[in-house]
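Alright, structures below, take your time with them.
Both complexes below contain chain A, partnered by chain B and then by chain C.
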Partner chain A sequence: MSNPLEILLLDDEAIVGKRLKPAIEKINCNVEVFQDPQLAVERINEKEFDIVVTDIYMDDMDGMQVLDIVLKKSSRTKVIMITGYAMISLARDAMEKGAFDFIAKPFKPDELRVVIAKAAKALGSSVDLNTLLKKQER
Partner chain B sequence: MPVLILSSENQERENEIAQAIAQNLEYTSLNHEFFSEIAHKYTLDSKKLMDAMNITPSILKRMPSKQWYYYLSCVEAGVLDRLLEDNCVCWGLAAHLYVAVVSHVLKVRLIGGHDSIPRSDKRNMTPDEIKKIIAEQERSRENWSMTAYNRKEAHPGLYDMVINLDQVQTDEVVETLSTTMGYPRLKAMTYSINNLTDRALAAKVKNVLLKSLTDVQVEAQNGTVVVTTTSMKRAKSKKIDTIKKLAGQVDGIGYLEVHWNKDMLTEAAMSYR
Partner chain C sequence: MPKTGPVISEALENENDSRETSKAGYEHMGDIRKAQKELLSRRHFSVKNQIYLGNSLLFLAAMIMVIVLIINNDRVNNRLKFLEFVDDFSSEILQARRYEKNFFLYGTNLNDAIENIHLAESIFITESEQFSELLKGQRDRQKIFAKIGVYKSLLQQLYQHEQQEKKGLHTTPFAKKIGLKLRDYGKDILATSNAMINIEKKAIEKTLSHSRYIHISSFLALLAFLLINTSLLVSRIYSTLNRYATYARRIAAGDFRLIYPRRKFRDEFTDLAVAFNEMIKEIDTRENILIQTHKMKAVGTLTSGIAHELNNPLNNIMLTAHMILEDYHDLSDEERIDMLKDVAVETDRSKKIIRNLLDFARESKSTMESLDLSKLVADTLHLLENQIRFSGIGVDLQFMENFPKINGDVQKLQQVFVNLLLNAIDASTKGNKIQVIGRLGDTSESVKVSVIDHGQGIPKQIQSSIFDPFFTTKVKGQGTGLGLSVSHGIIAKHGGSIKVESEEGSGSCFTITFPIINFPGINTFTF
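Take a look at the complex of A and B:
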């Protein structure tokens, strides 16, 4: 099995991190959850993550700024944007800035796991979703 | 991967441009040739299907409203299903009217280049006569698009880009659009793929319902399908049951909801009898 993927999950709603962390950990990933964008950025400056999953609309700093900071720090990191206020212009802007994917809330954990598997593939790693999820069920 | 949808009054130049872009980018082409496939798939009369794309419902033209809407729904369902495959240049199928809010779809309107009247016909016409005919063609298209999708086909707000063929050469248009299709902002993403999948699902449900019913609007979000319908109160249960039964045949529906509205006009008319 390949090394676990290092993932940072940022969403100012506590429930999102609480719900998604265990769902992502099931597919061989280490997940660090943040609600405060400033603290998340501090951590991004300390450590190179494989994948950053970030909400877009937050109080102190928005997800687009986080996207810029992450890609400035490490261009190999894949950034997945999640938002409850999805709009065509926002989605296009995020992709233009270099986001790996853009998901509208609400979504099922499975949907995010599929995107993480795609990001892992793009990073040269692999996440075999079916095998890992079956193992967890046993 | 992105999809390019072109719309134009000038079919000849539109054809030329679309085919050149598809060839440049090695994308598949989806155009009027697809009508025969749709006619075969849904067992429709090909000539009537072509007519439905050009005329509004009329008893005189032997195109009743119910049949017209059903024919259009066949085109919509067929085209949307095909657009899910991506990497496609689509034109001549009115897709610009029913594919909206999908970020990996670039919609372009080509205006001007007034060759919509065959050159042989133009020889005997004055410039004023040509203008008059073009204005009439535009009015007729607007009438069609408003009746079919409640959208003005020529309205620039419907498109990402409008290109004037009187000012830009064909090869420049091909080059510009081929380059634009490579922009990261047009990359397919989970959000846009889900949007298109929902639209394709709604179109399939609408198509199944319009085969036997009228007055149905269908929307889908994350696999949840909402059908809105109108009927007289006494027909309410029967209509809702029929919708549930028919829509239930379509694969991919997560949850189905039927919203019913009272047909006030018919109710009022009946009460005066």
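Take a look at the complex of A and C:
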């Protein structure tokens, strides 16, 4: 088994981090959760993450800025954008700027896990979703 | 408003008395019916009738004048005839006296003198009847008549003697005695008739000057009457026309208070008032439709923001529910309770988000109430939270401490601020600030709220059009152009006003002024 993926999750809604952290950890990833974009950016500058999941739309700083910062720091990092439904056009812009993918609120934990798996694949590592799915079927 | 005479004067709406009963409420169909009924229940006194009446009175006055003049004329005529008669009479007497003198001087015969005195007597008998009044009654006439009689009998006496003695009678002492008497009586009669002539001449002069006086004074009286009649009529029509011009201006300014009767009677103008009220009702209904139309548009705009905001709690609920499902058996009771609590909190949050919009969108019966504008503006900002956040604009709310309450319709005023804030957001670019400032007005009876943006501003040449319905510079589908027109209407109905100051390129400032507690005719206007 490969090293766990390093993931940073940024959303100003506390519950998003609270719920997604265990959900993603289940697929063998290390997750650091942030609510404050400022702190998240500091952390990004300290450490190179494999995947950054960020909400586009936050009060102090928007996801696009985070995207720029991440890509400037390390171009191999995959950035997944979370958007509200009204922001689809923004999400397209993000894709053009180099985001890996986007996911629209509201979403299920599995939807994000699928996108993370895709990103992992693109990174050359793999995430085993099957065991998880089997577990759920039980 | 010129006030002219008690009949026509009709003060404009007395605004104070209508304030007392400010039970408020916008739906006033009943009020219209009441106003129309009151207008029509007064006694009818039309302008037409006033014209007829004035002319009839004028005709009557003229007729009286003519009659008086005719009577006066008759009197003069009568006097002239009398003069003629007295003249005839005195000339006969004069003639008789001449013959009488001849008799005494030359002894000519007396026949002619007797004949003349007979003639004088018969003139007097036939004519004096007619002028008895002018002869100052029966007694004077009788006196003259007696004198003539005496004169005649003296002549007759002489005549008899002449018949007997034939010659030289006029030199006898008897004749001389009678002659003296005759002279006295003759003089007396002549003097009386001369006196009568003089008196009559004076009387005629007097009557003539009287007649001149009547002419002049009746002419002046007619003139005065005409002036009064015309000025009453003119001022009645003018003042009422003026009043209606004021009404029309008022309605054009968005003040839809009904016209109530101010006079004790009704006339052609009442029909106009009834038609005005009918028109006010129509305009009012139409404006309500516009208000509603624009509100639905605003609700549409807000909905997209609300929908986005709703995504957050919905996402939280979805994630939590799925994680509960996924890990149900692995979770401790505490964790499960914590997660369910999150769900409960987030559903509550969703409800609040929707409630705000629904409150605004609901077509509720509008009511006037005492309200706190600073709270109302804060609530409105809350409603617009998403629009504000999306556009990356900061909003600064500064309301004076203890901001006075005003009377108003919460929903309608919220609509006004939604319009102004959406306009400000549309005009601003990311990073701009919008300020909402509440302070006292220029008079202590008013408050001012300004919505200030630092956006694109409004070009001078369109500043006068922005309050027109359907005026918009926004692309089709984006703007209806109803926002400011509807806001203006709503504010006018609150007795307030809205003004704009703007400089192209540096921003705009919309300032609304509201009266603090009272506003005119709250119970007589309708939405």
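As a convention for this text, the second predicted complex is superposed on the first by the 127 of 138 C-alpha atoms of A that agree within 3 Å, B and C clash if a C-alpha of one lies under 4 Å from a C-alpha of the other, contacts with A are read in each partner's own complex, and residues count from 1 in each chain.
Here is the rule we use: a contact is a pair of C-beta atoms (placed from the backbone, for glycine too) under 8 Å apart; a residue touches a chain by one contact, two chains touch by 3 or more.
Note that the coordinates shown come from a computational prediction; the quantities given were computed from them, not determined experimentally.
After superposition onto chain A, the modelled positions of chain B and chain C are compatible, with room for both.
In the superposition on chain A, A:106 makes contact with both chain B and chain C. Of the two partner chains placed around the shared chain by superposition, neither chain B nor chain C is touched by A:124. Note on the composite model: angle chain B-chain A-chain C, taken at the C-alpha centres, equals 60°, rounded to the nearest 10.
Contact with chain B, but none with chain C, is seen for A:115 once the two complexes are overlaid on the shared chain.
Looking at the shared chain after the overlay, A:98 reaches chain B, while chain C stays out of its contact range. Contacts of A:88 after superposition: chain B is touched, whereas chain C is not reached. Put simply, the nearest alpha carbons of chain B and chain C end up 11 Å apart when the two models share chain A.
In the three-chain superposition model, chain A touches both chain B and chain C at residues 86, 106-107. The touching residues of chain A, counted against chain C in their complex, run 13, 15-16, 18-20, 22-23, 57, 59, 84-87, 105-110, 136. By the touch rule above, chain C contacts chain A in their complex via residues 304-305, 307-308, 311-312, 314-320, 322-323, 326-327, 339, 342, 346, 389-390. Partner chain B is touched in their complex by these residues of chain A: 86, 88, 91-93, 95-96, 98-99, 101-104, 106-107, 111, 115. The touching residues of chain B, counted against chain A in their complex, run 101-103, 183-187, 189-192, 194, 222.
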